[in-house]
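Chain naming follows the written order as A, B, C and D, and within any one chain the residues start at number 1.
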Amino acid sequence: MTRRVPSPRLVDLDYAAELVEPGSTVTISGMTFIRNPVALVAGLVRRGVRDLCVVDREPGFALDVMAAAGLLRCVRAAMASFELYGLAPTVRRLAESGEIEYIEDVCGAVIAGLRAGAQGVPFMPARGLLGSDLLRLHEERWGTWRRIRDPWTGEELVAVRAIEPDYALIHVHASDPYGNAVIEGPRFEDELKIRAARRVIISAERIVDTEELRGFMHQLSATSIHVEAVVHAPRGAWPTAMPGLYQADYDAIRGYVEAARSGRAVEWVKTNLKRLMGGSG
Amino acid sequence: MTRRVPSPRLVDLDYAAELVEPGSTVTISGMTFIRNPVALVAGLVRRGVRDLCVVDREPGFALDVMAAAGLLRCVRAAMASFELYGLAPTVRRLAESGEIEYIEDVCGAVIAGLRAGAQGVPFMPARGLLGSDLLRLHEERWGTWRRIRDPWTGEELVAVRAIEPDYALIHVHASDPYGNAVIEGPRFEDELKIRAARRVIISAERIVDTEELRGFMHQLSATSIHVEAVVHAPRGAWPTAMPGLYQADYDAIRGYVEAARSGRAVEWVKTNLKRLMGGSG
Amino acid sequence: MTGRPTDHMIKCMARLIEQGDVVYHGLTSPLPVLAMVLARRVYGVDFTWTSVIEHLEPRVERVRLAPSTGDPYTEPDPVGILTTIDAFDLAAKGKLTTMFFGAAQVDEEGNTNLTAIGGYDRPRVKLPGGAATAYLFPLVPKIIVWARHEPRVLVKRVDFVTGPGRPRVEKGYRHLLCTNKALIEYTRDGPVLRMLLPGVTVEEVLENAAMEIRVPRSVEEMEPLTPEEKMVIEEHDPHGIRYMQRMG
Amino acid sequence: MTGRPTDHMIKCMARLIEQGDVVYHGLTSPLPVLAMVLARRVYGVDFTWTSVIEHLEPRVERVRLAPSTGDPYTEPDPVGILTTIDAFDLAAKGKLTTMFFGAAQVDEEGNTNLTAIGGYDRPRVKLPGGAATAYLFPLVPKIIVWARHEPRVLVKRVDFVTGPGRPRVEKGYRHLLCTNKALIEYTRDGPVLRMLLPGVTVEEVLENAAMEIRVPRSVEEMEPLTPEEKMVIEEHDPHGIRYMQRMG
């Protein structure tokens, strides 16, 4: 008798959204307008989970949707940008008004923190960072960085405390029902996020049979050991791009930006909710 | 006018062997009997480079050949094994007699040191390791580890000093003439070695045109930025296995072991030198 | 009896693999590989297979032993590659649950020696090295040490502590020893005999060890190999590579 | 004149890319992308192309701007994926040689501000964030800052130091500022005017800056765009996305 291991964990979008506790810290896949876990975020919007903190390197669309839907208490990011459309419009407004706490981080430091989280060590030494005014804020206010010395040479470095988000919401190209998953094209920090987070929820353009993975010798982006739930979400990154499958829908993104600038981001989200859920609704 | 970048660095085996300075520290690809850089090592044997130190996690065949040919001053490894054939026979003999210095390391610590080397930081914190008698040796004798404390919680950890070998000798499945290279199947620590080493020499089963790499969206194991020289070496891992291409030649390995046990390892190497060089001779 | 001591050791180790375990095997580990095969194929245990080969979940039916247990051809058709780096990070995060380790010496505290007999500097015998032992001993909740049941192996105190046993027991981690005579579990009161391999007596266990082993009132006796167990072991190791470890 | 100031900035930045450079561009970087295209296609410079897209060496002829410079469809057919993690490790090891950074403010020491105008806590304007600025400023041997040439941008002292300029100059790193009027280089004696964009006078450069800029005896004047330069820029940005940065 041969079993496949471990048990399948394929769930629907509502079930996945129920897994996320209010007040927790969430990291999301992709970057600005690429491979955002939009379907999973739409699930959270529909459920109305509150007081979340997002930690990410360069989030964009999905982050702003979460802010617009009133899901966020804080954002920790190196940049929250809509690129040539300007800043993430809702995040900007709420950060300026103080309605959400904004912790400005730095790319190299976010990577270092996620690395520590992924490796199971309490901190990661990092180069760079010295000399920026951000150092004082991270050391004194947020407690996220600390200056340390190389025990051998005495050189000053920055220790970045491990980032271990409660949840990682990751949109991938393909996954089997166990969470053995493949990302194609740019990875960003998603493989670190999968390893650093306490619980991982995957949405996938395509659910494949485990047998289909065999023989390809993929270096898997996620495995059954890391993943708690898998949602089938074709076009689940829309309107952000899914490398190799579909391009960013800049018309939709511009529509969102215009709505947000006139205070109607929530309406835009509600109107488009079904589409944002991809094929998983 | 469009150029490809940077300039090709495809060289022959002798040229590659000339790059390696006597007295330097070398790390090698693969593990025991899998994907060893045998052709490159055969090049070093033919040239007779001396006083090398090898640092690696679980080296096997190629390491012992280097020892047998009198190339080694020291070995730093977590295990030097010929698996069911026993210890690496020549390394064992020379370590017991004190003719080479043997620094016993630990898998997790070798990984941590290579990670630090690859990331450009002076050390890497690691869990585990506490409680072993190896800790005292690494702290007091070799200066490779040091106990530190997490600056936030005070928890005791081990800092592993960065491992930055002078050379990485890495056998891969395919490379373009610029060092954009692909390893299939198990990676071991080879991608870290490529990033941690000061100079990287690649041997490849197959030299591919850069255009052939495009469109595959490989996450490259090595890139032109990392690599200094590329050697075409079909069957360049023989008698160790090349995953997906050829299996380990256990008859040949057993022949080597028997020769080594009766003090004739050098003869075996000389007799088989042409074959050890793969198709690169 | 339907098997040699080596085969009984394999069965002993296989029975320690449980539902939900994430198991990793290293180099020179024919017995652990066959134990993993047995646990999956015969006992139907739902565990995750990882290893030094970096093949996650190979096709178990096609696993075959070779002189190297790092050989990717011995565990074909994996679901994907899971690097050792990745597996050891899982260990640091408490998610690698089960690991097997050989030992040239193992002592009353559960310390193992894979470094050298007779001290580091002038070893009487240089051993292969502990590999991941020192790293994983403090991290993995269930460790199964396997060793030959002889007085010079089961010692009072190892010559060199490659892997420290005492902190494992103190943390409440499971620390087990499979020999070619018995299964021994480390407790706060020291090593305790848990199971005798078929045909072995308590006296043999005690006489062939230089460490003190507690004998509780009830000690399980392992059932001899079933025909299915024997057949599966044979199928995956038709050339008897497992006997190269000289466990009888 | 054969181009707008934006196009001259692109040319100015392109000329700073040299043989052997390993160049990385980030998000919101249409000018750097076109500069990289120009350097490769028109000047034939042999540099390595990396970016936030993680496409190593895309097929340059097929690069096309979109509203995101992180969009993988804008830089197709790469030789492979080189992650940002990997690229930044190269930076830590001194192997990433050249990087472009925007700035909302840049000052006399070469400090840049991408965090907030008016201080962190009660910002008059919240800026997008420095992204990799604070990490890479101490590490990358050649940094090209681009900014609009206005007194509120080229300031005496930034409101917030996202990227510290002084340590760069002290280490002997190249620290350059391309504006829509001029190329300025930071030296131990402060910012020095190196080149005027076509049609710009020294007076305009000085009058539109709130920082002091030294003017050496000889200042190069940039040649207007050649037809080839203009054609290549147009080919890669036919919809004028580059003008969304409002550099003129």
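Keep in mind that, in the parts below, a residue touches a chain if its C-beta (ideal position, glycine included) is under 8 Å from a C-beta of that chain, and two chains touch if they have at least 3 such contacts.
Everything numeric in this text was worked out from a predicted model, so none of it was measured.
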_Strictly by the touch rule at the top, which chains does subunit A share as contacts with subunit D?_
B
_Pair joined by the larger number of C-beta contacts - B-C, B-D_ = B-C
_How many angstrom lie between the centres of subunit A and subunit B, each centre taken as the mean Cα position?_
36
*Which whole number of Å gives the spacing of the CA centres of subunit B and subunit C?*
28
*Any idea how many Å lie between the Cα centroids of subunit C and subunit D?*
59
*Averaged over CA atoms, how far is the centre of subunit B from the centre of subunit D? Could you give it in whole Å?*
40
_For subunit A, give me the residues that contact two or more of the other chains._
120-121, 126-127, 185, 187, 217, 219, 243
*Tell me, which residues of subunit C touch at least two other chains?*
81, 83, 91-92
*Every chain pair in contact, whichever chains are involved*: A-B, A-C, A-D, B-C, B-D
_Looking at the complex, which residues from subunit C come into contact with subunit B?_
27-28, 30, 52-55, 66-73, 81, 83-85, 88, 91-92, 114-115, 120, 123, 125-139, 160-164, 166-167, 241, 244-245
*So in the complex, which bits of subunit C are touching subunit A?*
20, 22, 40-42, 44, 46-50, 56-57, 59-61, 77-83, 86, 89-95
_Sites on subunit A touched by subunit B in the complex_ = 116, 120-127, 143, 146, 148, 150-153, 155, 157, 159, 161, 184-185, 187, 217, 219, 243-244
*subunit D-facing residues of subunit A, complex*: 31-34, 57-58, 77-81, 83-88, 92, 95-96, 102, 104-109, 111, 126-135, 137, 185-189, 192, 241, 243, 247-248, 250, 253-254
_Touching residues (chain side subunit A, partner subunit C) in the complex_ = 1-7, 118-121, 176, 180, 182, 195, 210, 213-220, 223-225
